Amino acid sequence: MSAEVILQGLVSGLLMGFVYALIAAGLSLIFGLMEIVNFAHGEFLMLAMFATFWGWALAKLDPLTSLPITAGLLFLLGVAVYHGLIRWILGAPMLAQIFATFGLAIFLRAAAQALWGVDFKLVKSPLADGRLAVGGLFIGLPQLAASIGALAAFGFLYWFITRTETGLALQATAQDRQAASLMGIDTQRMFALGWGIGAACVGAAGALLAMFFYIFPDVGATFALLAYVTVALGGFGNVPATLAAGVVVGIVEVLAGLLIAPAFKYAVVFALYLVVVLWRPQGLFGRF
Amino acid sequence: MSRGLRWAGASIALVLLVAFPLIVTKPFPRHVMITIFLYAMLAQAWNLLAGYCGQISLGHAVFFGTGAYTSTLLLKYLDLTPWGGMLAGAVVAVLLSQCIGYPVFRLRGHYFAIATIAVGEIIGTLMINWDWAGGARGLFVPIKRPDSWLNFQFHQSKQNYYYIALGLLLLALWITLRVERSRLGYYLRAIREDQDAAASLGIPVAAYKQRAMALSAGLTALGGTFYAQYVFFIDPESVFPTALSILICLVAVLGGVGTLWGPIVGAAILIPLGEWTRISFGGSGKAVDLLVYGALIMIVSVVQPGGIMALAKRGRRRTG
Amino acid sequence: MDQAPQVLLDVRGVTKRFGGLVANNDISFQVSVGELVGIIGPNGAGKSTLFDLLTGFQTADAGEVLLGGQPIARLRPDEISRLGVARTFQKLRPFTQMTVLENVMVGAFQKTTDPARARREALEALERVGLADKALAHARVLSTGQRKRLELARALATKPRLMLMDEVTGGVDLRSIPGLVALVRELNAAGTALVVIEHNMGVIMDISRRIVALHLGEVIADGPPATVGRDPRVVEAYLGQAYVR
């Protein structure tokens, strides 16, 4: 196992880490707002990937071009899910909350299977294609583009939450719902917005992943788990921390695959989750 | 409905159930009933931990798989009767549950639920890669002829399987009933409601969670061994997947989490529903029944998290 | 020949910091067997934190707590409860999915494993607090005053030597207060030591044999009600400098 291979691994882990961070950011945002874990997050990702695929298959749209559309569609989905489902279980016991989004996940996955079948689909020859040689390392262009895209989206999200009035209103609602509403911030609107933005993040991530990843109804499951781990590592509700956490997850995944065995790479990530939440239950940087 | 009337009703139902295979001899209806019993029993076991104690495990299939693999491996390599294997499976599951519980119970709420998924996935991955235990190819249960109770194998008819499954379900019911009335039951419910208040009353919370977990895991493992001896083939995909964990939860949630009859009601509805969609929609039936399941879970969560049992109680109170 | 009262609870130099905030600073006081000690102090004085420390819900950064001579500062809440310390919470925490009787039975089960016996003990506890007629009602339909009694009954069922009560009269309607106060007195008369946090000055001065006054995390007075009530530091803490005479 040469240093070169490991370095290569670290780079790819870092790149994927940004994508994980983007997926996790949406989850973290939603949880920070209303303490609900979206167990259908992986399915949102899957739908975004399918949307990107059909955009490419039917209208020859490159994933990078259709990204804003996909993100927009997912935004609408997020808002719809909030108004159609989440709104009704806000005060419900945790069991009900877990199962509501769980049920949605099963439903969406089955719908995708029924509509589009189980076969793996792939977007071929996207705009960003080929490999870049840097020093002795090879970086796939789609992966690099996805990574930069994810970082950019993440940066945009961060700017939005911290520098715009709406973003600050979101933060206020997350920190103290009652106080925020007393100051005139419409909680329902914030919640719906939170779901919309959270879904849009995942939508962007899906479009980016579709550049090089296989697309099939169950694809969301593993990413979802990785996202939960990322959010838990960074701390539920702490969006900036998910960037660092995403990178950690990405690197651990690759290193585990290289140093132990490819079959175990996810198992190691999950084991890492268990270790971290036991040692620091609120995650590395979290509030809860 | 008074208690006496309820028990009379249950007794009649029991008589009917016992008589069922004597009247209905076609294999398919018997298979459906057996599946109902099995899932009702698994859901009842899950219910002990999640419904009564409030610890929502989304990875319970690990115990099912543990039971199935333990008894099958013991049968294959040591020629141990599956009944012994069943007990061994339960013991291994209990030990495993204590190891899992020790770290995982320190987590609360969503962290805990996610951790159970993570554990399920880790163990699933391990099993797929464990070649001595069959790996991804799985294990075939050694066929023994002739049919016998000792070998726990019946190839001529499903009748004995029916009674064993019914027996397991009754066992699960009996255990739940005993727990409900005992100090264990009260303590578990207190933990579910408010862990800190429970601790302030002297309840050693972690220890009791482990107890609930042990009971739940052991029971689930029994179901795993039964499944192995019924289907004759096990692999990680069939006995360890998260999908199975989900189905078990759904049965309990639909029927009524934390109630005695909930899991049975849930199974009685979901299993026939699953079979019907599979028949009606052929190959793509897999997706349709999941579609229905997903919709059902969402509806139950929103409308009545207490499941059908809670709906029934509400209806009764309004008319009573 | 009068024997010196036996010390039941001995708090020595207990300190708790939350980051830069010192919630409890070097707090020391004693509670004798069967004594009724009141704890007063303006909001933020550190009273609830002190209770959390005494019952194991928080760990002190420094100091020691002895119960009947045994150190308990590092024990878990359930271990402390089993040693005979019961506690009621400021924000009431009944088990809402259970009936009143079942709630109290959870407490009673600490001393017995037999459900029938637990039921009997629970009913007795409910009788003592005057809630026996509500035994089969669901806990969530109770009024605040009734919930306070329920929490008391539940704690009583564990047969404690020492009971820590966080707010007796908070949120209770005026008519119900005398009844609650009488109940507290009865419990004390029956031999249970009580440490009571209370904001209602009239009530606390009336029932306490001794008062410990906290301000900004420190003990500023410790003595009979009459003395503490006239202590200039206490008056200043509560009412401000202008009222010190």
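First chain written, first letter: the chains are A, B and C, and each begins at residue 1.
The definition used in the following text is that contacts are C-beta pairs under 8 Å (C-beta built on N, C-alpha and C of every residue); 3 or more make two chains touch, one makes a residue touch a chain.
This is a predicted model, so every value here is computed, not measured.
*Asks:* By CA centroid distance, what chain is farthest from chain C?
*Replies:* Following the centroid criterion, the farthest chain would be A.
*Asks:* Of the chains present, which has its C-alpha mean closest to the combined C-alpha mean?
*Replies:* Most central by this criterion: B.
*Asks:* Just how far, in Å, is the C-alpha centre of chain B from the one of chain A?
*Replies:* Going by mean C-alpha positions, chain A sits 32 Å from chain B.
*Asks:* Using mean CA coordinates as chain centres, what's the chain A-chain C distance in Å?
*Replies:* Chain centroid spacing, chain A to chain C, equals 48 Å.
*Asks:* Averaging over Cα atoms per chain, report the distance between chain B and chain C in Å.
*Replies:* Chain B and chain C have C-alpha centres separated by 44 Å.
*Asks:* Would you mind writing out the residues of chain A in touch with chain B in their complex?
*Replies:* Its residues touching chain B are 31, 37, 85, 88-89, 92-100, 102-111, 113-114, 221, 225, 228-229, 232, 236, 261, 263-264, 266-267, 270-271, 273-274, 277-278, 281.
*Asks:* Would you mind writing out the residues of chain B in touch with chain C in their complex?
*Replies:* Interface residues on the chain B side: 181-183, 186-187, 189-190, 192-194, 196-205.
*Asks:* Over in the complex, which chain B residues touch chain A? Could you list them?
*Replies:* Spelled out, the residues of chain B in touch with chain A are 50, 54, 56, 58, 103-104, 106-107, 109-111, 113-115, 117-119, 121-122, 125-126, 128-129, 242, 246, 249, 253, 257, 284, 286-288, 290-291, 293-302, 305.
*Asks:* So in the complex, the part of chain C that touches chain B is made up of which residues?
*Replies:* Answer in residue numbers: 55-57, 76-79, 81-82, 86-87, 89, 93, 95-98, 102, 105-107, 109-110, 113, 115, 118, 154-155, 158.
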